[in-house]
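Heads up, the next two complexes both have chain A, just with different partners, chain B and then chain C.
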Partner chain A sequence: MRGKNNWKAWLYLAPAILFLAVFMVYPLIDVCIYALEENYSFAQGEATGIGLANFRHVLADPDFVQAVKNTFLIVVITVPVSTGVSLLISLGLSSIRRLQHLFQTVYFLPYVTNTLAVGLVFMILFRKTEYSDGLVNLLLNRIGLKTVDFIEGPYWAKMFVMCFYTVWAVMPFKILIMTSALASVNPDYYKAARVDGASSFRIFRKITLPMISSTVFYLIITGFIGAFKAYSDEVALFGTDLNAAGMNTIVGYVYDMLYGSSGGYPSYAAAAALILFAIVFTITYINLTVSRKTVQYV
Partner chain B sequence: MNTQKKNSPLSMALIYLFLVLWAVIVLFPFYWMILTSVKSFAAYNSEYIPRFWTPNPTMENYASAFTTVPLGRYFFNTLVFTVATTGLMMLVIVPAAFAFARLEFKGKNAVFAFFLSLMMIPTELVIITNYVTIVSWNMRNTYWGLILPSVTSIFYIYLLKENFESIPNELYSAAKVDGTSDLKYLLRVMIPIAQPTIVTIVILKVIECWNSYVWPRLITYDQNYFLVSNGIQQLRESGFGRENTPAMMAAVVVISLPLIALFLVFRKKIMAGVSRGGTKG
Partner chain C sequence: MRVLLDHLTKRFASRTEKGKDVIAVNDFCFEIPDGQLVGLLGPSGCGKSTTLNLISGLETPSEGRILFGDRDVTAMPPEERGVGLVFQNYALYPHLTVEENILFPLQNLKGRQKMTKEAMRQKALEAARLVQIDQLMERKPKELSGGQQQRVAIARALVKIPNVLLLDEPLSNLDARLRLQTREELRRIQRDTGVTTIFVTHDQEEAMSISDLIIVMKDGVVNQIGKPQEVYDDPVNLFVAQFLGTPAINVLEGEIRQGRLRIGNEAVLEMPGKPEGPVWAGIRPEGFIQDDNGPFTCGLDRVEVMGRDVSVVCTHEKMTGRNLRAIIPAETAADVRGETVRFRLKPFKVYVFDRESGVRLP
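Here is the complex of A and B:
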């Protein structure tokens, strides 16, 4: 009976193990090999040696340097902004009764929409063409500001749209998680604090924030990881040739090295992907260490 | 902050104002996409200052979205991709979760720990080799090439295993005594009981498939195998002449509708599911 069960169990697991072996474990080993094979390309087909030349090439590539700069900017701007605003919105949501569900539903809508499709709408809203300055510029003009081309104009303007769209797209997840964390705080704490005559701000600092701190850190950590992998949003706004737009990201660099007009160099792609993984891993590790020191687990 | 506090009317008004403001920011792009999609090409291009309303809505853009580019074909491809990927994934993960939750075998804990450790691996790292694999199998521009790499998800195996484990073991023992086979037990007892979780996983996977862009872009260069995301990108870069924005927006509306409809129907399920197992942030 036991022996019989044994091989049967493996049979149940077989499809999962097979797919994971082919599309996960083998690629993981293979990507390291690619990264070390020097001068390998799809066209060439043959490596000339083993070493760290791919990493040196990638790190010296101005496109990669630009991509790293863009990615870090996106991370540094969007993670605090989206976390902060989602906290404010969730606090607002939890202090109202009427329309709460309606607001929640509306706020969640971006989660289920196609990034590429809605990105196009953002592009249209911010874009300046010869026919029209676009809606956003119209509003800017109303308050006395000059027209800016947000899609093909100065770097700061493109970065602004980029971050705005990223925040717009990640908010649903954050609001949802934050709202349910707030709802799970035991109301007795608030009652007790109010009896003691504590001010709203003090209650927030001393009760709410500590109680939801593990959720906030969870959102910061997943936010960092997600923002480091930014790519589709950029394509939606600026098109597939992100290097030309100066708006490439690290993930975009990986794909560009693999495929497309600049593609065919899996070794460079592999090196860049491993660098990304190292960055994300390090930042997540730091985040976890910090959160262990600050978060109060209740 | 829930029920106890009596906020002053002024602060309540400010809170509502803030919430309405964010709702407007969220909804406005949707309004603009629908509005633009019903403006006629001529009307749209004559508006140097974009207008918030159109006196003569037209459906002609929707017609041209389907006739100028093979939008119907993209739709069909996405549907095939989504249904096949989700279906195959369930066939892979349900038995695996069952094995981890109920069956006894040597090395179970080691295998499970190994599975969990793989969860850390980002797609970006393995996509390079997967691309080479699919190319070498001559599966570019095929459904199989699109589908195969995404039919397993360790996370969903984990989620389902937890759910299966919460089903009382006595049921299993009783079934064993009655001589019910494991497979029959899985199909007749476990799957029906775990149905809510299974539905959640299916919905989350459907959303993921419908919106996937990167892998399809790598694997397809033949328009006949484009998914909607790639179709949209193609439209942006070369479709509809250069500036037929209304037709482009019509395509965007058509592409967004199915998921929005799905969301409105399964709102509670989706939101509960995402807060348990969603990632995108």
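Here is the complex of A and C:
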């Protein structure tokens, strides 16, 4: 589109560009400015100078260090587990004939269920109250184990509930995508492989997995990014004071620095947000580099 | 290896009507002799692909038995039957190279059949040489032409040295020129290996040109089995006669009266010993001889030049379907002009069929 019709193209693009400029580009630049302004005060709207003091402060803040630790644990545990389990469930789903649609719906339900409602259900399952130790503890007691306080107890118990919750919440989407990826593999490949005498496991490893590898990889990358941005699920389980519960995440820390009870520090929030960006960027870059060697785009 | 199909029947449950079955293959009995190239021929939906799937083991028959040699393979899964199967779309694994595709069946071998890596590569190379793709081993399928992909598929099917090679519409994805070339190639490969080969096609020309035997199917039922020329010259019913030959046979409403075949008001051919009554008269396009005193008169529509021969397109009120077509040598076509054209008929190119059942009258 060269020449005099060019202005038309710009006109059509204008709404999107305007929207992106106001809500994406400007805030992005603003975050960088906030992060570099030292001792910025909301009240006066002034800063004392430019530098990396905010980053130094954030990195030294024990709450932030805890948040990074939590976030990484959630990412490292939930992404592989949810992807793997989703793949198994998708394989199961696509190999059954009867009731396939019913099961697909059942597995998709968490996706359309409100986070807080799900949080409530998890409370009933895991929370210890004066009247009951929660359903899971009842089961633990039944097999002779001691009651564990999953919501206010030891760190590993809280982390377990957190990861369990996250995996459960992200699986429907992955199952949906993987089931359709599996359905799009031409059945002739399976027939050919069967005639060629390949075992089911070999068919899976040599045919199915490479054929859906681009989808699996897409889910891993978006899974990583999504898990790094975890926050609302934590609130649903442990309430708004995540620092006190020791279950804060990086995004939670950013929010607390802005609006939390100890908030009012946009510069710290911006610095933390940029650190998160750097982490996600690096991980995604590594992912893509690895994928170029292993993923089949067919 | 000899393949015996013994009263083979395959029923599928109907999707639209509950309790009703669709019979895809109905009571198929045939023995395919060792080392032959057999063409399974019929219109789409006639059950030829199902027959192929039954032989390969991808489908299990509702009734009947399949024997490879003296071994009953009816209940055997595909991998134990030792068949090679070439799919219509080739089904080459797109993420594997040509060599990896050909190696795949060998890598699946277990137990005593297991081979060393070097032996497998050697085998794969032999198979690739046979179909002349040994220069392309490192390529991915999408970097190959349709013809090359098909060769890879054949190499993959042959590398294990199967008892039976099965090909499902092997040439239908190729362009016209390549199709001619590839079918010669197929014939050569089959001769070189001596593997009993069954291929499915809806293209009668393809089947006739390279097969030792052809099997003509319709609605799951075998209509006729024989050498291509025999089936062409001696069709058992109207369907087989119509299905074989291009241009197709001309079918006209006729009548046998007093030992003669009558079409319209003309007695066109002496046909002693046939039962009297209305019939379908089938006349092969090459069964006409242009003769100004001939007994059979047609309206002349146009003359199409084909080089050595010409195709005389005629009209006749008793003709079913489109125009009547006569193929005559170009040098005798000079006299064909005007409103009408008259023909003599070659007796062995004219068949009569029962008007009701379509069965050929003896």
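Note that the second predicted complex is superposed on the first by the 275 of 298 C-alpha atoms of A that agree within 3 Å, B and C clash if a C-alpha of one lies under 4 Å from a C-alpha of the other, contacts with A are read in each partner's own complex, and residues count from 1 in each chain.
Assume a contact is a pair of C-beta atoms (placed from the backbone, for glycine too) under 8 Å apart; a residue touches a chain by one contact, two chains touch by 3 or more.
Not measured: the values here are computed from a predicted model.
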Should the superposition on chain A be reported as showing a clash between chain B and chain C, or a fit? fit
Spot which of chain B and chain C makes contact with more residues of chain A, would you? B
Can you pull out the angle centred on chain A between the C-alpha centres of chain B and chain C, to the nearest 10°? 80
Quick check for you: in the superposed arrangement, does A:V195 touch first (chain B), second (chain C), both or neither? second
With the two complexes superposed on chain A, say which partner A:P210 touches: chain B (first), chain C (second), both, or neither. second
After superposition on the shared chain, which partner residues are touched by A:N186: those of chain B (first), chain C (second), both, or neither? second
Partner chain in contact with A:T289 - chain B first, chain C second, else both or neither: neither
Considering the aligned complexes, could you tell me the closest Cα pair distance between chain B and chain C in angstrom? 7
Which chain A residues contact chain B in one complex and chain C in the other? 191, 194
Which positions of chain A touch chain C when the two form their complex? 186, 188-189, 191-199, 202, 206-207, 210-211, 296, 298
Show me the residue ranges of chain C that touch chain A in the complex, using the header's touch definition. 56-58, 77-80, 83-85, 87, 89, 91, 93-95, 104-105, 108-109, 142, 156, 160
Under the stated contact criterion, what part of chain B meets chain A in this complex? 1-5, 7, 12, 15-16, 18-19, 22-23, 25-27, 29-30, 32-33, 36, 45, 47-50, 91-93, 95-96, 98-100, 103-106, 108, 111, 115, 118, 121-122, 124-133, 148-149, 151-152, 154, 157, 182, 207, 210-211, 213-214, 217-218, 228-229, 232-233, 236-237, 243, 245, 248-249, 252, 255-256, 259-260, 262-263, 267, 270-271, 274-275, 278-281
Please name which positions on chain A make contact with chain B in the complex. 2, 5-6, 8-10, 12-13, 15-17, 19-20, 22-28, 30-31, 34, 82, 85, 88-89, 91-96, 99, 103-118, 120-125, 129, 131-135, 138, 168-171, 173-174, 176-177, 180, 182-183, 187, 190-191, 194, 200, 203-204, 208, 219, 222-223, 226, 229, 231-232, 235-236, 239-240, 251, 254-255, 258-259, 266, 269-270, 273-274, 276-277, 280
